[in-house]
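You will see chain A twice below: alongside chain B first, and alongside chain C after that.
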Partner chain A sequence: MKPSPAAAGVDGGATASPINDGPPRNTAGAGGPGGRGTAPGHPDDAAGPIIELSGVSYRYPGQKRDAVNRLDLSLGAGQALGLVGESGSGKSTSLAIMAGLIRDLRNGHVRFEGAPLTLRSPARRRYFRRRVQVVFQDPYNSLDPRQRIGAALAEPLIALGLEPSREGRRSRCAAMLAAVGLEPAMAERWPHEFSGGQRQRITIARALLTEPRALLADEPVSALDQATKVELVDLLRTIAAQRGLALVMVSHDLAVVAELCSHLIVMARGRVVEAGATGQVLGHPRQTYTRDLIAAVPRLPVEND
Partner chain B sequence: MTALTGPTTAGREADRRPPATTTDPTYATSGPAADRPTALDSPAPDALQPASPSSPAAAPADDRPARAGRARRRPTLVVGAVLVGLGLLVAVVSLFWTPYNLTDTAGGRLEAPSLDHWLGTDKLGRDTASFVMVGTRIALQVGLGAAGIAALAGTAVGLAAAWAKPWLDDAAASVFDVMLAFPTLLLAMVIGAAQGRSTATVIIAIGLAQSAYVARLSRILARRVRGQAFVTAAIVSGSSLWAITFRHLLPNMWTMLVVNFALSFGVGVLAEATLSYLGLGVPPPNASLGRLMKEAQQTVLTAPVEAIAPGVMVLVLVIGANYLADGLRELADPVARGRA
Partner chain C sequence: MSAGLAIAGLTVRAASAGRPLLEAVDLQLPAGQRLGLLGESGSGKSTLAYAVAGLLPAGLAAAGSIQLDDQELVGADERTWRTVRGAKVALVFQEPATALDPLMRLGRQLAEPLRRHHGLRGEALEQAVRQALAAVALDEVDQIARAFPHQVSGGQRQRVALAMALACDPTLLIADEPTTALDATVQRGVLELIDRLARQRSMSLLFVTHDIAVAAAVSDRLAVLRSGRLVEHGPAAQLVARPRHPYTARLVASARRFQTALDRAGQPMEEVLR
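The block that comes next holds the complex of A and B.
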């Protein structure tokens, strides 16, 4: 597959703008036009994107190729953005950059709520961590086996100084467990007592406890079976809508992304090959790569609401 | 001699899955990500869940959780605990009571064991049993002290290396390897020679010489835990490196560190005996098992018990420590348990 001309130019992927005519940093996306996750009245819904990447390149140490190459992307409040591509296409790396987990970029800038993202100042770092939370791929790996669920949930509240009282933490954790469809009493139990789907609900609860504006999910359902996957996708959609969360969903599963995300960015070898509204990208893919990706989906599962 | 290769064994164990037991709910599936189903069409984890990782399907015997039954099937742990416990008992008793004063030369010279002198007397007429008791205490002091120093210094350095920037981590790993290239004994001799002889010097020398083993092990363990998603999750949760170290890294490392502590205790006891045998160990007013053997050497044919008794005590402590370590590892390691 030859690299597409669009890949070189890249585009303001998160917005609804057609592929090649948005300015590199398209900030017109506040609220995300038509985003399914759009919700009324988050107090911090100031204009402007939450996270913005411009011309970001990153190369893992010792690698010959950029994992992410000149990526432009902006995530508006309440938007639901899908990053799709084969393994090694750079989508998880992009997510790690957005989450501030990868800092030593070769090129480009990350902006958070309009200002350059810096994690050096503790106050600024805490604010960023509060506002941007991550859900990881492997539910068996993302909870410390030696921590009770309650302790795992309380960790961000303690570390970010969000809830000083033990009682307050307990009640907030209980409420959050209920919100993700689990029993509040489960806080006393250990991770190994839970199934993959339940664990992923717990990690979602942990992420939501800081009341983030953006939830970055790295293949959150790919380790789960089909039925659990559908349940979790529903949960994520409901939660995003209720809380006005912006959602970034990294997945190689087009069905999941199509279900959750209003906008898609298709990545290959670290570059964006196609971007736009989900329906447009999936319905009328311009690139062979995207077409191949769609053809590779065995069958779109029936999701019922 | 297992004692000398012990820490290496422990390092190899560390590459296995993390420990899991049925009795300790804190252990769970935290194996490397590669072990986990990640593909789309992987079997439902929910279906796998009821079979906890610690109950291998082909071991219905494990469904009998009676603790006594378990202990019976784990003789190494019991034997190790009994041997080390015996040493501890002797050492504690020697604090309050010994059959004779160490300076008491009233007995006959080189007597054979009798009711008056259980292990006979040495060439100055002193009671060998009393010396062995005090020597055991010194051996335990040195063994525990050295293992403690090695554990503290080694774990701290290993954790620091695991958090350090890659180049610094590489540099630290190389330093550990260079230190490991020197035998514990040689290093302890050099440190001891430079600092002059005292019990504290011997403890510090052996402890520092061994800390490289612990540093290497804890660096490996810490890096492995650090690679798990829950540590990244803790970073995202805003936890500081200190908080992550104490809440996530150490709790997931300590079983291996405890096993290693038992091993390095054995190495420490042996090293102290060897140093004393060579005349570089704990200095004279104190008894030392190694020096007892050295002094009995000239008269070994006339009074063999005088040489054999401290030797047996060293053996008891070292073998006890190794069995204890093996037993603890089996307790913590489901793979080894399945084999046992």
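The block that comes next holds the complex of A and C.
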């Protein structure tokens, strides 16, 4: 695929399409060059991608194969990307690379807001930590049981020096609890007093307090029942839209990804098996691996007669 | 005989008082039937499973009645439990690694219950280990028997844990989120295996999960727990088609929405992208 003119203008040479080999711009472009979406001055293009990976390979020390091999992706504001695959496919490693937690790459480049991701300068590091936030699968592990919710929420504000006043922190935390559908008074309570779904709302609130541009979520709803899952998926969709977040979700749950993500990358053994618009990949899977993943999703029974 | 599991007025509370973890739960699981126990984290579903297996942590007290094949288990002493646990009631957990000794070869671990409960020795024991591994659909039986737990995959570990649970031909198998930590494709294999083994052995199955589609895949009946109370139970297909309790209705509707999202795929791009 040739880079589309608009995207190439933002950043010559980098991957042009939002995701790997693809979707919306290419689709739009299929109608002819300069079709809808490739027009210069499109808001997304003007802003440029938030996270870009080009040719990224990483191998854990002592391993014989790459955990991630030649991964390309580019994600803009308001886009939601699902990374799916089985254990060992490299999806969580990819997320760790995007989060700047893994930096000694074998190959390739990571760019954040158009600039290479180097975290050597403390100011740059603080900025990146503030603008890219991560939510993990198990909220039990993300919240210190001996810390009240209010203190847990305030921590990134203190660590990143975003809000010097105690009163200011308190009101910001209260507002954020309300934004994720919890009572502001819950700041006074302890993690064990909350259900799994509520705890995950709390970790999302904490991530949002630093006003991130990208939210990276590793299996954020996998441990929850379907009713709670739906609520959290709706919450993630709403906050991502309201705040123009670039959202990346790692999941082995294809249905959740289908519900939330506009784009999808299917990984196996560190490599991209398929990538594109979610509907394209799930509706017309080209690879057996993807078809098997879809077929394995458990389905509700239908009543006989 | 063989009346199965009958739970009546089961209440479990912590010594430190507070809201009970389970409150007045009535539930029947006739011999040979399969029941899916559904609920969110904190609903009491694992507490119920542990109560039936006599594994409630110290500090939790059960009141009411749990009868397995007409034997009362609430208040049973540890000596009674030793004749019940493993022999009549067996368990598999979410994380098979917790059921396996990391320093012992899988074959030896599996041999232990077979030796203790069936009195097998030598060649007969080795043969029984091989059979037990083959029964849980593990290929390369000898290689698995020689391996340590960390040398096999998560799905294989869960199959070995299942083989150990089944070693003494229990009448009731309790499976607590046994596939939650597994990939979807591996999950499907393990679910099919549990389903097949339960049928072959006419074993009762209590399958604990937060996933209604998974529960329905291996169960004749479903029971829904919420905040320690049983809110609804009935035949799986019926409960999914016509849920009566609002929480069950929400579970079903949510599961349907995810299913629809998956099925909707393949529609025109503009619609998918919204």
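The working rule: the second predicted complex is superposed on the first by the 253 of 305 C-alpha atoms of A that agree within 3 Å, B and C clash if a C-alpha of one lies under 4 Å from a C-alpha of the other, contacts with A are read in each partner's own complex, and residues count from 1 in each chain.
Definition applied: a contact is a pair of C-beta atoms (placed from the backbone, for glycine too) under 8 Å apart; a residue touches a chain by one contact, two chains touch by 3 or more.
Note that the structure is a prediction, hence the values are computed from the model and not measured.
Asks: When the two structures are overlaid on chain A, which partner does A:L160 contact: first (chain B), second (chain C), both, or neither?
Replies: first
Asks: On the A-aligned overlay, A:P145 touches which partner chain: chain B = first, chain C = second, or both, or neither?
Replies: Only chain B is touched by A:P145; chain C is not.
Asks: Answer with first, second, both or neither: which of chain B and chain C does A:T228 touch in the superposed model?
Replies: In the superposition, A:T228 contacts both chain B and chain C.
Asks: Between chain B (first) and chain C (second), which does A:G197 come into contact with in this model arrangement: first, second, both, or neither?
Replies: A:G197 sits against chain B and chain C alike.
Asks: Could you say whether A:M267 touches chain B, chain C, both of them, or neither, answering first, second, both or neither?
Replies: The answer is neither, since A:M267 touches no partner chain.
Asks: Determine, under the contact definition given at the top, whether A:E86 touches first (chain B), second (chain C), both, or neither.
Replies: Only chain C is touched by A:E86; chain B is not.
Asks: Have a look at where A:Q280 lands relative to chain B and chain C in the superposition and call it first, second, both or neither.
Replies: second
Asks: Counting contacts the way the document defines them, which residues of chain A are shared by the two interfaces, the one with chain B and the one with chain C?
Replies: Residues 195-197, 222-225, 227-228, 252-253 of chain A touch both chain B and chain C.
Asks: For the complex, give me every residue of chain C touching chain A.
Replies: 38-42, 154, 180, 183-188, 191, 210-214, 216-217, 236-238, 240-241, 247, 250-259, 261-262, 264-269, 271-274
Asks: Which stretch or stretches of chain B touch chain A in the complex?
Replies: 18, 25-30, 33, 36-40, 42-47, 49, 52-53, 166, 228-230, 232-240, 243, 247-248, 251-252
Asks: What residues on chain A touch chain C, complex-wise?
Replies: 23-24, 27, 86-87, 195-197, 222-230, 252-256, 258-259, 262, 277-284, 292-294, 296-304
Asks: Which chain A residues qualify as touching chain B in the complex?
Replies: Residues 61, 99, 101, 125-126, 129-130, 133-134, 136-147, 152, 155-156, 159-160, 190-197, 203, 206-207, 210, 219, 222-225, 227-228, 252-253 of chain A touch chain B in their complex.
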